[in-house]
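Below you'll find the structures, each written out as structure tokens.
Each of the next two complexes has chain A plus one more chain, namely chain B in the first and chain C in the second.
And now, the complex of A and B:
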């Protein structure tokens, strides 16, 4: 009997009373009860806030103070805010939805190319010690708040900032570039910078788990390093790529701060900015709640695709 | 309402992101609102609808919410004065002076700045989450707060400085006749701030329509507007000679909409809350819609604190003074734990010297009788005097006299008054279309 099998049987004896007469008798609810903290957490910090958003979206507005009044009972819901916001979503807001989609696609693609290269290097071409150091360096941006990092970028990107100084010193550009003068490229690069760690870490985890023997088999069968990468490593890391893309693109869709800090131009407004604007405007909070719900519905599509792909991959295995 | 002089974040750059960082805070429903929602909800128009939309030509007298405190109410010993205010909208040196003056009563103060916009401040007061002695509301929320019973009437006997020191227009303001609930805090007008090293004083003043400078392609990528729909749309209206800055006519709003979309096409403007007082002095903009108080405080944000740098800041307001002129208020919440001390504080802030010292730091002018253009543009303020790191600066730099508010301005200027909800929605929709960034070509 292999050691692993023996271990499995030992665990079964401990946990299943009928399979282990004389063992520890655990009630049926024991293991499921471990999910309780998670369920309570989700109820308090996801389900309740989400229902509050829904209750505000379908609720009314205080006639004197113009603050939102959530309506908890669905039979008293009013759809006026929903209709108005939907009209806008398909009307005056449509350029913002298109723009946000484009920004997120481009920023995710850049993150993927850069992030994959870094994750691949760390997982495959570094010693164990260096790997730990590199991972710490990769995580280090998380130690500083996102806002602080964006503020730092504002200083770096100013006409007299280091970025322009380097570019002009190297004669890449004759005069400073107005990075902060409402440019799409700045917002996209800001998104890449802000979210790329979320891309690298899961990719690294996937790449690191690829069995070395599989790669060696590829090489033994005559594959060059390049063809082994494209025919073995890349297909095997597909679930990792998908997971990273979902993790990165979801928060990008709702991001408003990058644009507020690095641009402020109507030509770079994202969905998050419209939501932020409505939240901060008297009497418009119900509309903000509807816009949040619309964004959630849109984001269900990539999540659904991701879940379907991973389920298929699991079946194939 | 988004953006307002009161929403000017603190003088430290740190404040900018603090304000915006918490800016996502959804206006959480109050407990009373939650309870109210347990019965059948309704959103029928307020019975007091007329009271909520005062105009200079149709002033309102707000209903009394009980009686003011008696004049012989003793000053609360050992009290902590709770100040519910915008972050950095009150000079701490002046506050410390107040504490010193009342040291016999062993008082202290605490500033509560846990809100990002007026709505959030109102929502927290409505929910009873905030206990405060003094609050600094904008005009648009004063009638709402009073009608909802969230303010207490003032005892005029305890605030003699109002009658003694403050401009006549505030002895009986249109939004709060008989000043039952409020005293004025500061006044300001809305014009255009510009970089004098790029746009000369003569250049902007010689334009047939100086508002056009905000649409001038010569300043592409260097034009700024406030992220405040009222102020930005109002600028487009005034550019077109529409002087009703509280208009409910759709045709007027359509004109403003077209102009703002054209602005995107011509100059790629950027909106922010700190553009006028910080980013323009730093060199990020050529021209910017500006509240007078923002640009008056602008010398504190230039790259080097020298007169030569100060001289790069300019400000234009219509010569005939036909532009937006407004004010902020101070009020006492209904649940104030130390109402007598709050009255003392209000009276203290209406004292000439205290008001002026506060002005030197905040940048927003108090409506004091003793102020005039020549004295404000020739006298160095307290904050400049104690700032050893900066070259001296007058209350208002001499070449920016347009930023000094005169009492006569209220005779010809336009007040930005609250809008009825349906009108407000249409204004906001114009702003949303601007924010969406569809240029004139569609």
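And now, the complex of A and C:
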């Protein structure tokens, strides 16, 4: 692996000489200097904050003010916050972790099935003009805020809202249902509604890129449409499916606002709510830092997958 | 193979019974119209759009309810009622705070991001990989992680930055800076290097080449970045909420979040609708800028823009 990379770099050096045409020799620092403001910004406001979270998670707490004191040196770290949080994670909070997993898995699965169908239709079965219209409609949630979209469901799902009105009018339920009073189904609906646009677009982009000739080959070799789909299209779109699953499940794991807006009940608390509650409480901020670390450990595999696949895609270009 | 030719190929068998023919064409022609998929797609679109339409209509409700329209439509909760969006001093100041934060974020994040993308595209040495990795990591990090981390560093370490507008701008820029980088890098891959080489061959110094060749070629991506960063930061409430100080530093998005859990008046719907109108306007402007900047080039319209997101 490393020798191959070294070889690639050597070839790149040989084929792309540093000297620009026209005899202008740019100094070595010329292009890197463009990234300097960004690098300084990211170091100061991205890397340092992340390290601060670690330093607070393994740090101490001011005995009087109850504010966390970050400990920067790993050799002086204390693990008391960590053990306390892990005790809770396997004790009173374990339903919260299980629930978060369940919600994210169910919501991602629904998003995938529905999103794949929509993306497949738009990529495969539409004329150019219709596709432009459909794409505008599919992109629109990107600039309509998440809050607006949750607010819309708060309006609709209230006891005297339109959903209950229709349900009671059709005699499906005798009395209005309290959708917003701590029901898992409402929170999952909110998650799907909130994050499915982020799934459809990458899936669409991916399906659009699949070579039609491959599908025709599958058909020519005697495959039925169904078997062509399952044996050609679906395997070819696997990387796209995985990438879009990562794209929606990462923010779902850190979501707390869908839950507070559509339920607000402890019956549907997610990990994000634990973090949000403790960050707002003096004396519990160290716990918030630990919870962030736990969340990061859970998410490290999908994040790693995402970074690796984008690196691969960049190399392929 | 286009749909038309495929249909012509199967149209020959006219004397078969219709149902059998349809079944046969279904087997033979995989590019036939899939009615079920089409129905699913339109049902999905209806599901995604109808609730928003209802929410917008409720902002024009004359009654106090935010669940159903009572007593006709009007601008009661936009500007007539003392508690309406444009009359309530709290909401008024929130509007200005929203605009302030997103304009400041846009003006800082886009230049940093564009320069970062240009540098990263050309820099072939050690360190470029790490810079790229860090940038991508900030892109995928769930917002709650970033928001909490920013809050902690500003509240307990960089205490010279007060919580409030400054902290919010810093947080938003960190969260948004990766968008211009990704959009501009995609464009960098698409543009031909020979324009720059020609300019340099004609004796243009590097600076002039960047200013007069590279930046104009990148302008569609830069327009798109401005629009996306503005639209995304005016809607942001996770990072901004953790970094807000006094109540006056809370923008409209945070107010909507805070009020939505009580029993809000339609003024909150009006606020959300206003945000939607603002972002739609900016996105349309960005798109027009994108079109103007790609005039005469081979472009893919909406699909090109969609591909860049």
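To be clear about the criterion, the second predicted complex is superposed on the first by the 246 of 317 C-alpha atoms of A that agree within 3 Å, B and C clash if a C-alpha of one lies under 4 Å from a C-alpha of the other, contacts with A are read in each partner's own complex, and residues count from 1 in each chain.
In the analysis below, a contact is a pair of C-beta atoms (placed from the backbone, for glycine too) under 8 Å apart; a residue touches a chain by one contact, two chains touch by 3 or more.
Please read these numbers as outputs of a predicted model, since none were measured by experiment.
Chemist: Would you check which partner chain A:132 touches, where first means chain B only, second means chain C only, and both and neither mean what they say?
Modeler: second
Chemist: When the two structures are overlaid on chain A, which partner does A:26 contact: first (chain B), second (chain C), both, or neither?
Modeler: second
Chemist: Using the touch definition from the top, say if A:56 reaches chain B (first), chain C (second), both or neither.
Modeler: A:56 contacts both chain B and chain C.
Chemist: Now for A:67: first (chain B), second (chain C), both, or neither, which partner does it touch?
Modeler: A:67 contacts both chain B and chain C.
Chemist: Touch check for A:298: first (chain B), second (chain C), both, or neither?
Modeler: Touch partners of A:298: none, neither chain B nor chain C.
Chemist: Is A:151 in contact with chain B, with chain C, with both, or with neither (first, second, both, neither)?
Modeler: Both partners, chain B and chain C.
Chemist: Given the touch rule stated above, what does A:210 touch, chain B (first), chain C (second), both, or neither?
Modeler: In the superposed model, A:210 contacts neither chain B nor chain C.
Chemist: Taking the superposition as given, does A:141 touch the first partner, chain B, the second, chain C, both, or neither?
Modeler: After superposition on chain A, A:141 lies in contact with chain C alone.
Chemist: May I ask you to decide whether A:167 touches chain B, chain C, both, or neither, giving the answer as first, second, both or neither?
Modeler: The answer is neither, since A:167 touches no partner chain.
Chemist: On the superposed three-chain arrangement, identify whether chain B or chain C touches more chain A residues.
Modeler: C
Chemist: Would you mind listing the overlap between the chain B footprint and the chain C footprint on chain A?
Modeler: Chain A residues touching both partners: 52-53, 56, 67-70, 147-148, 150-151, 158-159, 256-257, 260-261, 264, 276, 279, 285, 288-289.
Chemist: For the complex, which residues does chain B have touching chain A?
Modeler: Residues in contact with chain A: 1-2, 13, 17, 20-21, 23-30, 33-34, 36-38, 40-46, 48-49, 52, 116-119, 122-123, 126, 140, 144-145, 147-148, 221-222, 227, 229, 264, 268-272, 275, 283-284, 421, 424-425, 428-429, 431-439.
Chemist: Touching residues of chain C toward chain A in the complex: what are they?
Modeler: Within the complex, chain C contacts chain A at residues 1, 26-27, 30-31, 33-34, 37-38, 40-41, 44-45, 47-49, 51-52, 54-55, 58, 65-68, 112-113, 115-116, 118-120, 122-125, 127-128, 131, 133-138, 140-146, 148-153, 156-157, 170-171, 173-174, 177, 181, 189, 197, 200-203, 205-206, 231-232, 234-235, 237-238, 242, 253, 256-257, 260-261, 268-269, 272-273, 275-276, 279-280, 282-283, 301-303, 306-307, 309.
Chemist: Under the touch definition given earlier, write down the residues of chain A that touch chain B in their complex.
Modeler: For this pair, the touching residues of chain A are 52-53, 55-56, 59-72, 76, 78, 88, 92-93, 95-96, 99, 147-148, 150-151, 158-159, 178, 180-182, 256-257, 260-261, 263-269, 273-274, 276-277, 279-285, 288-289.
Chemist: Would you mind writing out the residues of chain A in touch with chain C in their complex?
Modeler: Spelled out, the residues of chain A in touch with chain C are 12-13, 16, 20-22, 24, 26, 28, 30-39, 41-42, 45-50, 52-53, 56, 67-70, 114, 117-118, 120-122, 124-125, 131-132, 134-139, 141-156, 158-162, 165, 193, 196-197, 201, 204-205, 212, 215-216, 219, 224-225, 228, 250-251, 253-257, 260-261, 264, 272, 275-276, 279, 285, 288-289, 292, 295-296, 299, 303, 306-307, 310, 317.
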